[in-house]
Structure formats: structure tokens, C-alpha cells
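Labels for the chains are A, B and C, by order of writing; each one numbers its residues from 1.
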Amino acid sequence: MIEKLKNTALKLMESNYIFSILALVIVMLVANGLSSSFLTASNLMTILRQASVLLILSSGLTAVVLTGGIDLSINNTAALVGCIVATLLLKEMNIALVIVIGLAIGLLVGIFNGFLVGVLKLAPFVATYGTNMVVLGLATIIMQGAVIYNLPRNFTPIGIGYLGVFPIPVIIATVILIIFFVLLQFTTIGRDIYMLGSNPQASRYSGGKSVKVTLQAYALSGLMAALGGIVMTARLNAADANMGNAYGLQIVAAVVMGGTSLLGGEGGIIGTVIGAIMLTIIVNVMNLIGLNSYLHTLAIGVMIIFMVWLDIFSRRKREQLKSQKNN
Amino acid sequence: MKEPLLVAKKISKYFPGVTALDQVDLEVYPGEVHVLVGENGAGKSTLAKCFLGVYQPDGGEIYLNGEKVTFQNPKDALKKGIAAVYQELTMVPYLNAAQNIFLNREPRIPGTPLINQKKMMKDAEELLESLSNHCINLKVPVTKLDVAEQQMIEIAKALSYNPKIIIFDEATASLSERETQALFNHIHELKKKGIGIIYVSHRMQEYHMIADRITVLRDGKYICTLNEGDISDEELVNLMVGRDISQVYVRTPNKHSGEVLRTVDLHDKKGRVKGVSITLNKGEIVGIAGLVGSGRTELARLIFGIDKPSSGKVFLHGKDITGAEPNAAVKHGLGLLPEDRKRFGLALKSSIAWNITAVSLREVFPRLFTSERKNIEIADRYVNTLNIITPDSKRPVRQLSGGNQQKVVIGKWLSAKSNVIIFDEPTRGIDVGAKMEIYSLMDDLVSKGNAILMISSELQEVIGMADRVYVMKDGEIVDHQLRENLNIEAIGKTMVLGKEDVECQNM
Amino acid sequence: MSEYVSSASQTKKFSLNTDILKRIPPAVWIDLILVLFFSIKTKNFLSGSNLVNIAVQLTPLLIVSCAQTLVVLMQGTDLSLGASLNMVTVIWILFMEGGIGTFPAILLAIGAAVFAGFLNGVIVAKLKLPIFIATLGMANILNSIALTTSNGSSVFYSNPIYAFISKKVILGLPFMVWIGILCVLLTQLMLTRTRMGARIRALGGNPEALNFAGFSVDRATIEVFCVTGLLAGIAGITLASRIQSGNPIAGNGFEFNSAAAVLLGGTSMREGRGSVIGTVFGVILIQLLRNGLVMLNVSSIYQSAIIGIVVLLAIIVDAFIKKES
């Protein structure tokens, strides 16, 4: 057990996450500078609570990006599932059943994406971008432009309830993240994902089943989109077709800023945690300094470009250094 | 006696930790085909790149037509009169021949940004006609032309710069016999124009047909310059390898019993493999010789399952695995060391350890959960047995040298307990020391009862290692020889000319 | 100039002919079917006024799709085109509102779009980001600008230029349709008949070839994105003229629809080949779909969803067919 922790710590220092950790520290210092009550336990818990939906949504994306793909349909899938769940709850269907249905829908979307990318070999961003629009359309049709409020009292605790001192969404997110960490680092499925992302062709030449792994990754992503949508709906106590809008870019940003490479094969869930928390703090800071909400996306857009560049740039530099050392 | 076009004196080139060229001399006369000969890593391409402005020499001088020159970059070299034709085609697939030749130099209608199509076509026609009577359709995208025509366009492109010297760097690596012959015809035309030709290749079969003079390089050093025909092939190989061949390829005799692999009349969908039937027995190394483009790698892919055959059968240990996906073949003990190991054999970003268990993952960890520690334990066993040089097996594979990377790929299949392994160009890009290790590994493997199918375009290697050799040409097996009867010259000729022609020649 | 075809290439010529048939983009077939369907279903479909109406509606998408064709030829997709439209419509109106004359405002607005394209090019070429991430990031930046400056809702400024561009009929077609046609023709001319067009094809087919030919791949990339910016800017002006306002969300979805139009029009991302003419058919397809849905009285809530589904289906079917061959 201690071995595992030590290994994890060593891996962290192997510079995959260095930039993200540094960035997180800087961001926290800036935030603390702006508001002295920032580094208190209760504030940190608030931040975690705010970040929980984002954490859930980006966990699935982490798996997909590790295979070298991308999933741009998470935010609207979350919205779709939220809308369907809200609609069914209003009809007084059993909560457990509703949740299962919601998760199943997310899973279906994920499998659909996996089919497009893995079997039909469509470019991931074309396929998932298309799915994203279709899913948004479906949500719009279902909601007919309306917003649903006032969800049943036994549902909303998922989003706003507490278990002791811990908010339930934080508990859910933590459980999910632990599961993903174990899945990606310590199982054969996770290994397959890393191998596929590292070199898809070599995977095939090693007798690997790339279609299966791709389907698994996108299915996970869809499933997490659904779970995130359910928690989001519970937190907001409302549902409408466009509620995924805010998250669109943030999900990709969280993964990318956490040091997981878009090229696949490098990175992991720890990075995503750092990225998601960092992003949530940044959004908080932007609100604190009164930045126009529209400019948030601008800032995030710039940050994504910067972080992806940093990732690509630092990788090339590292390769150059290492090959020089070798020769 | 004419003056030499190009004189290179004591050219040296260093890379971190490696001396690629060590005081090499070269002279090229107008209208001469001067072949640079040597093994992989001997420095032939490096020298060529020094003339092309890709590299700047660290020592020595270059004279062009008596004047001392330096080549700052490829554009500079082109301007000064040195052009190249490479193995990889540098063309844009959906542009036509004329557009490719004149890319970024297209003649324009004066006063407008529009291209003068008529003039461009006419100029392209002239260039191509000067090379051969064969007319090429100038209006179709070049991807619709056959490889020989594409190569001709590459040469025309080089010619359009009015070069004094044209360097062919492994240009025949992907050509069939007919296409190679066409290339040689074009080279003859170039000679008539007084252009000096430097021809880089490690294919001995071609030297006889094209060379006027030969310069041998070995480990970056200049060995000698000879006229074509001065020495025999065996002596030439000894000069290239630097030691007696019998030292390099050691085979322990063992029993060949029990068929493990058989293909019956295998055809692929693209017509690169036409009715191939071969067998492989336990304890054997069977070689498949042939020029690249003869369909050998395609055959390997058919057997392994990457491509599906259009007809024919593949039997592994008696089981019909025709058309099965790779993972089925792998389960029954088949392995493949691909030609391009970086692209198809390794996950470069991943560690040595995880690469070694890439295939055997679920045998090593049958119950879903993996353990880094156990993985390293297992990997280290292979690192030791195979003598992979690395401080530890957690390093990413990309940090290893070519030879060690190849050993990791071999380790991968050993870990998967494969007993029938296809080695496709196993020593490409590997230095001589590591080569010998791999040869002795192969020998060791088959002594233990495994079987190896070895695909190679290095004749010396095939003849040195194989118990039996199939010769492939244009997708068909044209010859089959046992070890006792193997002869470099005969096999070499068969690879290029086919069996009947060789027999006709001998009659 | 006579056609040089040797006997060996003679057989090739025949297979080329059937090849051309196979290469007719899916959009053409679907367009024929849709036109037949609609002309049966609705009385005035093939009437002059209806066709002109369709032409006006599809012009902005047409111009944007010309831009997208260039990017797809480079094996990428520009996800910022819709956002560029949003920005251009908004800042054009705002510039005029702020006292800048009509034509200088047009130039400034288009200039901003060109600059955005230039930034895209720099990010892709110099920072080496994948095209979709670079343009995704840029899309959010441009949308942000549009939303912030307009405060989230449409902006208005009355100006006779809108009517001129969108309604003034010259030789049977409104002015903006001519703009669209001009854009298509110039883009096609550029692609097939200029050095820059050859460079774009090289970027998509084999960037190495461009290097060997001595032209910087980076510079070529930035060039292309500047052109896409220009086209997006022009499209934005025509769009604003038609809706007579600046709208920060009017352009949403254009990037997807234009990519679909390009792909269905036969331009292949994987091979770097294709032409703007095929894209025209793709644009017609999407517009016919939309028109058809309106005519069938399908509520606008459903329209985006249905179009999205149909387009995705078409891309999937196309991928299936390619997989079989």
C-alpha cells in the first residue's frame, strides 16, 4: 500500500503533472491574494462542492482522451439526461428507476459515439461534435423550450444534501474518481486504454482489440455524462435543454489543463482532478473580480490554447533532451 | 580524362555520441554512376545528406566543378546544382504530374496570379520525354499513376532544377523489378546528359546493373573505391561487413520436425500477393527473400490477420486461421516483428515493462487488476535474458537504441509464449553489434523448438541464417532453395529477374 | 494541346470514367431526391421566387462552406466559423452605431474576422496545436467577444445597406446571391489555378512536398486561415444584412453545417482532395432540408435536431460506404 503511494508520488514528480500542479498553486495564491478567506476549510469545501459536477463529467473524458480521442458530446448528453430525469420525476416515477434510466441513456450515447469512432472510424471530434448537436436537439424537443422546476424532495439531496460535513455531490465525485483512478492505473482495461492511446497501430499489431477498448472508453464517458447530468439537475433543482452550455468548454479544459495529452497515452485522472479544481477556482476568481460572465469563456478559451501549447511544447523539448542524452 | 564534377575530401560528421562519418573521400565524374555501398548505418545516407544541404559536415571540404562550396540548406544545394530522388515519394497525391513537378514554381500568366496551365504542361512534357518515350497522363492526379511513373515524375522534378549531380537515396526500396528496370533506364538517359549520379543502396543485386564505380563505407569510414566488376560479391560483402560472414551468422544444427505454419495459394485483395504457398516447420528458420514491393510484408500481414485474404488458406499448428483477426492468431502462438518497429511494434511513450507485457497482459494478470511491481519483475526477466541495455525497465521505450527496441519487441512475443514468429526485416536500422545478438537469439529460439519466418531484403542475412529460402517476386514464389544450395548471386538475380529468365541466361 | 495517353494508360482512362461516376458526391444524389420530393409535395417549389428565396437563405452558409472546404482540404475542421459570424454581425452594427460610416465599418468587421483567422493560423502553425482545438478555443473567444459587446442580445441600427445587399435584384438575383456566387467562383479559381491553391492542396496531401519545394508550411497554413477569415467576414456581412441586425448567436451551428456540407459534397478529410463545387451541392442539401421542414410545418424547435440527425446519418452512411470499398 505504501509502495503504491510512493509510486504514485514518484510518478507525479515524473513531470507529467508538474505544470498543472504549479499552475494550481499559482492560481490558489492569486485567489488567496484577492480574498483572504480563500484558504479556509469551509471555502475549500465549497469549491469542491462546486467542482463536483465538473469532476464527474471530466472523469469519463479523461478515459477517452487517453485513448487518443475526444468527446465533445458530454455537456449536452448531461443536459439531455437531466431533462429526461426531471421529466420522469415529475411524472412521479420511482427515483431509483429514473436514475437507472438516466444512466442507461448516457451509456447508449457513449456506445453510439464509440461505434462511430471505433467501427466506422469517423474522426472523433466530427463524430462527437455531431452527436452533441443531435443530443441538444433531442433535449430541445423534449423540453419544448420549457424549464422544469421544483423536483421531488427525495431527489434533490443528491445535489444539495450532506452526509455529515461532506456534501453528497463531493462524496459521489470522490467515489467516482477513486474508481477511475483504480480502473486506469491498476486494471487491464486501463492498461489497454493507455496502450491504445500510446500507439493505436501497434495495438493492432499486438493482437489488441482496439474496437473493444474504444467502445469501453466512450461508453464510460457517456455514463459519466449521465451521472454528471443527474447531479447537476439535483443541484440546480431545475432542468432545461441548454443547461449543458456552461460546461461545454470547461470539461475539455479540465482534462487538458490537468496534463493529459490530447495525443493519447499520457496523463491520467489525477491531472483531471487538478485541472477541474483549478478551473473552478479560476471561475470563482473571475466572478470575484466582477468579470463579465461572457468573458469567462474567453478566458477559458485562452487558457486551453495556452495549456495545450505548453503540453505539446514541453513534450517536444523533453524528447529532444532525452534523445540528446541517449546519443 | 574528364575533370570530376564533385570532389569530397575527408568529410566528417558527428552526432552526440556517434561518429557518423570519419574522413570520407568521394569523387564523381560527369556521366558516371557512382554507387555508395555499405550496411545499414555505414554512413551512406549521412554522406548524401551532406551533399544535399540537409547536414553540414563537421570536417572536410567539398568542391563542385573545382570550386570549393558549402551547402547551407537544401534550397542552397538545389541552387548550386545538387538534386535528390528519395525512397519516399515527395509528391502531393491529388495534384497532377505537372503540378507536382513545378510546385511553388508554376509559370504564371504575366500580370495575374493565375497559373499558365499550357506552359506548365508543355514544360513537364519536355522533361518527361527527355527521360523516356513512355507517355504519362499529365491530367490525372499522380496517385492514379503506377509507381514507376511516379518515380519518373520524381526524377523529372529533380531534372527541372538543371542539376549537375543527382543523388538517388535508396530510391528502389519500394519498387518492383519492372519499376526498378524503368528507373535504371531513366538513369541511363541522365548519364547521357553528363549528369553525375550518386546512387545509394544496400542492395547488391543492383550494383551490377547500374554501377560504374563503387565506394564502400563501413561504420562511417571510407574503405575503398572500385570499378564495377573488380571483385566478387562475396569479397564485397566481406568489405561491407568487415569480417568473415561465417562469424556473423552462427547456426546450430537442429531437428526440423512437424509443420507449424502453412499457407495455401494465398491471394490478397490488392493483387500484391498472388497464390503464395509456403510451409514452416518446428525448429526452422525459413527465409523469404525478395525486393521490397515483391509482396513479402503483405504476405506477413495476411498470415498475421491484419489484412484479409481474398482467397487461399492459412494453417497454424494445423488450425485454419484464414481471415481471423490478429488476436486469434496470437492466441495460437503466432507473433510478428513488424518492418517498421516504431510505428507498429512498440508503444513508444509507454515503458519497456508495459511494452513487454503488451500481448501477454491478460495471462500475466488474469484477474482484472494489474500490479506495476509484478509487471516489472516479469519484464526484468526478459531484459536480462535478452540483454536489453537500460538502467531499468520503467523507462519509456523511445529512449532505447534501435537494437534494444527490437529486443523489446522480441521480448513481447516471448512473454506471450509465441512459438511461430515472423521477423520482418529484423535488423533494419540496427548496428552490427546488436545484429549479431539478434542472430544468435534467433538461432537460440529455433533450437528450443520454435519456428521463425524471416523476411529480409539483405541477402547476406537471409543466406547466412535460413535453413530454407523462398524467393518472392511480384507477389509470387519463384524459387525455393535449401541451405546447401544457397548462392548470393543466383538468389540475387532471381529476386530481380525471376526464375525462367535466370535459367534462360544460364542456357 | 493534345492529350498524351499511352496504351498502358488507355485502360486507365476507361476505369477513370466509371471512377468519376463513383466519385459523384452523395450530396448530388440526395439533392436530386430532395428536389423531386419537394416539387411533388409542394406546388410552387420550382417557381422562380421560391428558388431565389432559397438562394438568399443559403448564401451565408455557402460562403462559410467555401472557407470550410479549404480547412477540410488541410485535413482539419474550423470550429470557429460560426463564432466568427456572430462576432462580425455584432461588431458591424456596433461600429456603425458608434458613428463609423457604413463602408469603413464593413471593412473593419471583415478585418476583424481576417485577424481572427490569422490568429487561428498562427496557433496551428507556430504553436502546433491540432486544428480542432485551436479553432475550438478561438470559437469561444470570438463568441465571448460577440456576447460581451452585445450584452447577450441582438443589436440594431437602421441602414439602407441591408436592403441593398439582401433585396436589390440585379440580373434576376439579389445582390448577396451574386456575392455568394462570386465567392464560390473565386475560391474554386484560387484552388485550381493559382499557386496558393496548389499550396493548400499540398498542405493537405503531403506537407513535406511543400517543404521540398521551398515554401514554408507554416506560412502556407497562416495564409489559408487568413482566407477563411476573409470569407467568414463576408458571410457575416451578408447574414447581418439579411436579419437586419447584429445577433451574437445567429451563427451558431454554421461550423457544423458547413463541415457537413463539405464532407457530403465529396471533399475528403483523409485524402485532401475535393472541390468547392461539390460543397455547393452539400450546402443546397442542407438548405433544402431546412426549407422542407419549414414547408412541412415542422416547428423550429425540431428543425435543428432533425437536420443534425439527418446530417449525422449522411456522414455515417458515407463512412459505411467508404468502409466497404
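Annotations for the structure displayed:
Note that contacts are C-beta pairs under 8 Å (C-beta built on N, C-alpha and C of every residue); 3 or more make two chains touch, one makes a residue touch a chain.
Given the structure is predicted, the values throughout are model-derived calculations rather than measurements.
Of all chains, the one whose Cα centroid sits at the greatest distance from that of chain A is B. Simply put, of B-C and A-C, more C-beta pairs touch at A-C. Work out the mean CA point of chain B and of chain C, and you get 44 Å between them. The distance from the centre of chain A to the centre of chain C, with each centre set as the mean of the Cα atoms, comes to 32 Å.
Contacts with at least two other chains are made by no residue of chain A. Contact residues of chain C toward chain B in the complex are 1, 3-6, 8-9, 12-13, 16, 189, 193-196, 198-199, 201-202, 205-206, 208-210, 212-215, 271-273. Residues of chain A that touch chain B in their complex: 3, 7, 186-192, 194-195, 198-199, 201-209, 265-266, 319, 322-324, 326-327. Contact residues of chain A toward chain C in the complex are 70, 116, 120-123, 125-126, 129-131, 133-134, 136-138, 140-141, 144-145, 249, 252, 256, 262, 292, 294-298, 300-302, 304-305, 308-309, 312-313, 316.
On chain C, the positions that touch chain A within their shared complex are 77, 79, 123, 127-130, 132-134, 136-141, 143-145, 147-148, 152, 253, 256, 259-260, 263, 269, 301-302, 304-306, 308-309, 311-312, 315-316, 319-320, 323.
The part of chain B that touches chain C in the complex is made up of residues 74-75, 78, 88, 90-95, 99-100, 103-106, 108, 113-115, 117-118, 121-122, 125, 134-141, 144.
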